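You will see two complexes here that share chain A, one where it goes with chain B and one where it goes with chain C.
Here is the complex of A and B:
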């Protein structure tokens, strides 16, 4: 029998960076645990469709050098904080000077704060299920720690640009930890971009810890280029009556993988997860979401829409887990998928696991093509077939994009999606 | 202007139209009446270019051009407009965006400059008033959540905006209450002009109380079995299709 492939030891080389002692210690421990870590294969349930796209070649094991400025890929022209190849670049960042928020790179934390952070790092994630987040924990060289104090309300969105500079082959391990204090409120925009054409891997982890009554809007754009594999994880823990609004928009690549795990830990917590993924050529996109209804009286709403063109492939796996004590849970999951060509593939899998008996749960998943009757209606008014296709395809996802509450992000996203769709029909 | 010669059409191998002949001159309003299943809607869909229907023989000329060789969008640009019996709802595309795209496609075809968003808005607001629709309908998705009557008025609105050579109204009167019927009829009467023809397809006489046609044709079993002036419609109202020797058996034959 062929032995299961394991992570190349090259990935376990000592990582650089200037971390405070407690975080260094944590990283070392995590590294040791990774020796002989089995890599996901076709037989790994949560990597069934994507493992063949995961290419952890030895040349990717090297940490990408950090410290340069944001490249031309920047979609959003706003004051922002830059994380370049996993390291916060203060010279290229605008740190907002606001009451109620503390923003610091991991490197700049004092030992006490770093120690407290080290104890909490990864506590929003199910690490067994998210293999690659474990690699991040062994390799991160820096990170961004955002603390919003209880009761603070941030009026303006906070933009974080996470740039992978693939001027050489290698990997980057960006990490964010956001502590949203009780009854505070903020909007965070994460924009993942890349520059350079060499093969690169970005293995990112973002964690949200929401206190009682906290309110976080999270917008995540995945816009990297075609030489970059991006495997990202987002974890969120919500205490009583906290609310998370998540909007993710992603464009395909050689491999794009996003695991989003939300735990509703106390009564009254609620989340709304909206996601859009599009892909073309031979691109691959994989969204895995998990919502854990741990406590009673929590609500979740999830809507994901995907569009696959050419010979591309999109995976959506949405899991809702309602624990035994989570009575009066309400969960609604909806996933619609559009195939623009016969060569494209979308695999959609809703998973409901319900152990409580007094819950309201609904889920639906559809895979289809553009509606012939709508198309005929539009062309019968003199609109060209290509333009009609574009209008109908944009309409399919616009309903979600229009819900992005930051106008600048919404407009940029719409423009990018329009461009993608026009291109998809030009080449068809 | 429109000349249909011996038109045969089939859907899934079954012949629905069995030799239609019809001539329409500019400025004329024709009504085609007939029982369900006679082929009325098939005729309108074939003229608009719905590929579900296969033209097996015959010829259709619009201003001397062979219509059957044109794609649906080219027919629209050449001046064919079909007001649908069942307009499609398209959530996510605003009515305004849809109408402006359609108008600008026509303008580009005619070598005119495209209308700016502001200029188009003025035009669209004016025309929504003429069909008694509130301007808020422009912001909604195309036909999304519109009532039956609002959908029909939205069709007439499009005809007024696109100014076709030939407007085909497929059962535009069906499902309307009397007030909605009057509004729609008023819109259709506004459409009438010397260089435009209108072909109304209807099951009932009642629309013809408000819009007096120049010619009336009875379609049955895939053929026009009788033609006359507006008196023919009244005759049908009094005696029914059976009075013409046309029965529901025709429907059975067509099926």
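Here is the complex of A and C:
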């Protein structure tokens, strides 16, 4: 037996950044734990289909330098925050004005808050299972801390633009911690973008902690360029009657991986997870989701749709775990996939793990191509085959995109997806 | 309801009826495994040179392999050096020519199980190649089969009589190094059945083998090979019961099916090995590799009713290599007390227009754990391939667990896969509807669960329907909880 490859020591060099003491200590501890961390291989169950795309070359071990002063974005007239190569840039940000909200970079936190944060960091994630989130914990140089006080309502969506500047080879470790207080509400848009053409790695972690009755809408767009590998993890813990609406839209890359873990910890918590992933060329996209029904009387709904074109590869792994005593749980998972060409590949693994009897759980998964009859219907009414293809394909994912509650984001996303689909059918 | 609960408890607590030990002196090897043991085993059976080489090749491969741990089951580590790899019932110099010559003790064992050979002889249409522990001791209806040109004999006999067929097909579907337990089986298999159906022949009888594990501390390693030549048809029945034992017994069988062009194989199993007692003590470890290779327009159908064994690890699979070939998998798996099952199927679509159907019904009661694990895979050449999968789980009691781990992999755009799974208990609505119409709860649950398993039961051959019904009774009655 060949020994499993381990993380190159180059990745374990001391990271920079000006962090408050408690976070520095935490980072050092995490770094020590990573020595000889085995890298995922084909035999690692949760990396079965993606490990061959993961390329942690030594040139990626260097932290990308941060220094940008102004940022591009989706909608700069809205409140927004720029994270550049893992570091918050207040000069290029426009913080929302509301008494009930506290926003700070990790670097600017006072020792007390930093101490509290250090205790809670990574609490939402099953860290052993998400190897790359452990690397983030050992390397993050800054982060964004958002706290919504109990009862506060942020009407406008808050944009966080996470830019990776691949002007040179290296890696960035952006990190977000969002504490949504009891009965408060907000919409957060995370937009991952990149500039530059050098090979880069983004290893991001976002954590949501939802208090009782809190309501969070999270929109996550993964739009980086073709030289960037992005491995991201999102963890969320929900207390009683809290609600999480998650919308993720991702475009493929050399490697795009998103782990989304939701824990429904008290009765009445609920979540809805919508996801769209598209890929073309030789791109790769991997979505792994886990919903933990820890407490009884929780609901979850999950819908993921994927489109793979050319020689690209998409993976969906959805897991629903109903714990013992989580009676009256209702969980529904649905995954549909479109393969546009025979060179492409889609792998789906919808899992149920159930330890309570009074539950209703279901999942469905399909992989296929466009329905011939629908195509015929359109073509017989004088619509060109190409246009019919694009229409139906767009309709397939638009069902989910339409549910994105922020109009500006929805429109931009639809435009981008349309462009992708038209391109896919032109080449075919 | 109190009365019903009592009945349920009784039903769930019912002891294993087939638990007894037949007192027959067995000719058994000392525990342990090495190359010498394999040579000795091969020598005892007087096997030709190619078999010895094949076994040793498998053994050497096995030494390099690691025991798999991905299945959703827990059991104490098996000491493979503490198992005896050969046990044959004591018998006369020559094999018995008729039932009269068979050890009466053995015949009584079958009688206790309700499958006496005499009756089976009378039950027209069933030939039995009974495997008692490792060596086949009685084979019936040979003449009738011989007339049709069908070969149905112990595989140890086939090695001598039909070496060219054995050499060609043995290991062609499950290679000697396929997986840990298949490699072990290839190295030490003692006996099993061999079936060959010639071109264009529809086998006149439903072939049936009853397996029993008997001598204590003896792992049983059957090897079954069924070859259906072009355009032929065969239906094969396998049923198992085992005596009550406190020590875990290992069972690692391999079944290989080869369906050549236009052939059809239907393979049905009722498995009722000793599941261990109420505390989860004892019981059989059932680690089986079953796989069929379907050539052009061939069809392979697996039907199984799994109620026994402490730990089950079994994935009857179809490799749909030929164009237009068909694979089917129908399964009812019931676990109770501390039983653990991780079972399912693999459908590997390689040819064009291939289609497969998977219907899996899992029922878990007590502290048991029941997992469906399946793979549907489309290769790039599997144009217009189709799969439909439905796996449903029914939970009885709040300490049982049910899991679904389906893997779906597609590399062909015109191939379509549909997968659905549900998990629930018997719904209050269904119960209400039945009770409102004057049906008592026991009967209502019986109806509902019967309906739950119906799709699978209707695939079973008549000969098995009775036995399956009897075995499932426990689950039917126990579903009220």
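Criterion: the second predicted complex is superposed on the first by the 417 of 428 C-alpha atoms of A that agree within 3 Å, B and C clash if a C-alpha of one lies under 4 Å from a C-alpha of the other, contacts with A are read in each partner's own complex, and residues count from 1 in each chain.
As a working rule, a contact is a pair of C-beta atoms (placed from the backbone, for glycine too) under 8 Å apart; a residue touches a chain by one contact, two chains touch by 3 or more.
Everything numeric here is computed off the predicted structure, so don't read it as measured data.
Asks: Would you mind checking whether chain B and chain C clash or fit side by side on chain A after the superposition?
Replies: fit
Asks: Please indicate which partner A:311 is in contact with in the superposed arrangement: first for chain B, second for chain C, both, or neither.
Replies: The answer is neither, since A:311 touches no partner chain.
Asks: Could you look at A:265 and tell me whether it touches chain B, chain C, both or neither (first, second, both, neither)?
Replies: Neither partner.
Asks: Which partner chains sit in contact with A:369 here, chain B, chain C, both or neither? Use first/second/both/neither.
Replies: second
Asks: For A:108, using the defined touch cut-off, is the partner it touches chain B, chain C, both, or neither? Pick first, second, both or neither.
Replies: The answer is neither, since A:108 touches no partner chain.
Asks: Have a look and say if chain B or chain C is in touch with more residues of chain A.
Replies: Of chain B and chain C, C contacts more residues of chain A.
Asks: By the touch definition at the top of the document, which applies to A:126: first (chain B), second (chain C), both, or neither?
Replies: neither
Asks: In the superposed arrangement, which partner chain does A:399 touch: chain B (first), chain C (second), both, or neither?
Replies: The answer is first: A:399 touches chain B but not chain C.
Asks: Quick one: classify A:379 as touching chain B (first), chain C (second), both or neither.
Replies: A:379 sits against chain B, while chain C stays out of touch.
Asks: Least CA distance chain B-chain C after superposition, rounded to whole Å?
Replies: 14
Asks: State which residues of chain A lie in both footprints, the one left by chain B and the one left by chain C.
Replies: none
Asks: Okay, in this complex, where on chain C does chain A touch?
Replies: Chain C residues touching chain A: 64, 66, 70, 378, 380, 383, 393, 395-425.
Asks: Which residues of chain A touch chain C once you look at their complex with the stated criterion?
Replies: My answer: residues 1, 45, 324-325, 327, 337, 339-369.
Asks: Flag every residue of chain B that touches chain A in the complex, lowest number first.
Replies: 48-50, 71-73, 75-77, 81-82, 84, 87-88, 90-93, 97-98, 101-102, 105-106, 109, 141-142, 158, 162
Asks: Which residues of chain A touch chain B in the complex?
Replies: Going through chain A, the ones touching chain B are 371, 373-374, 376-385, 387, 391-392, 394-399.
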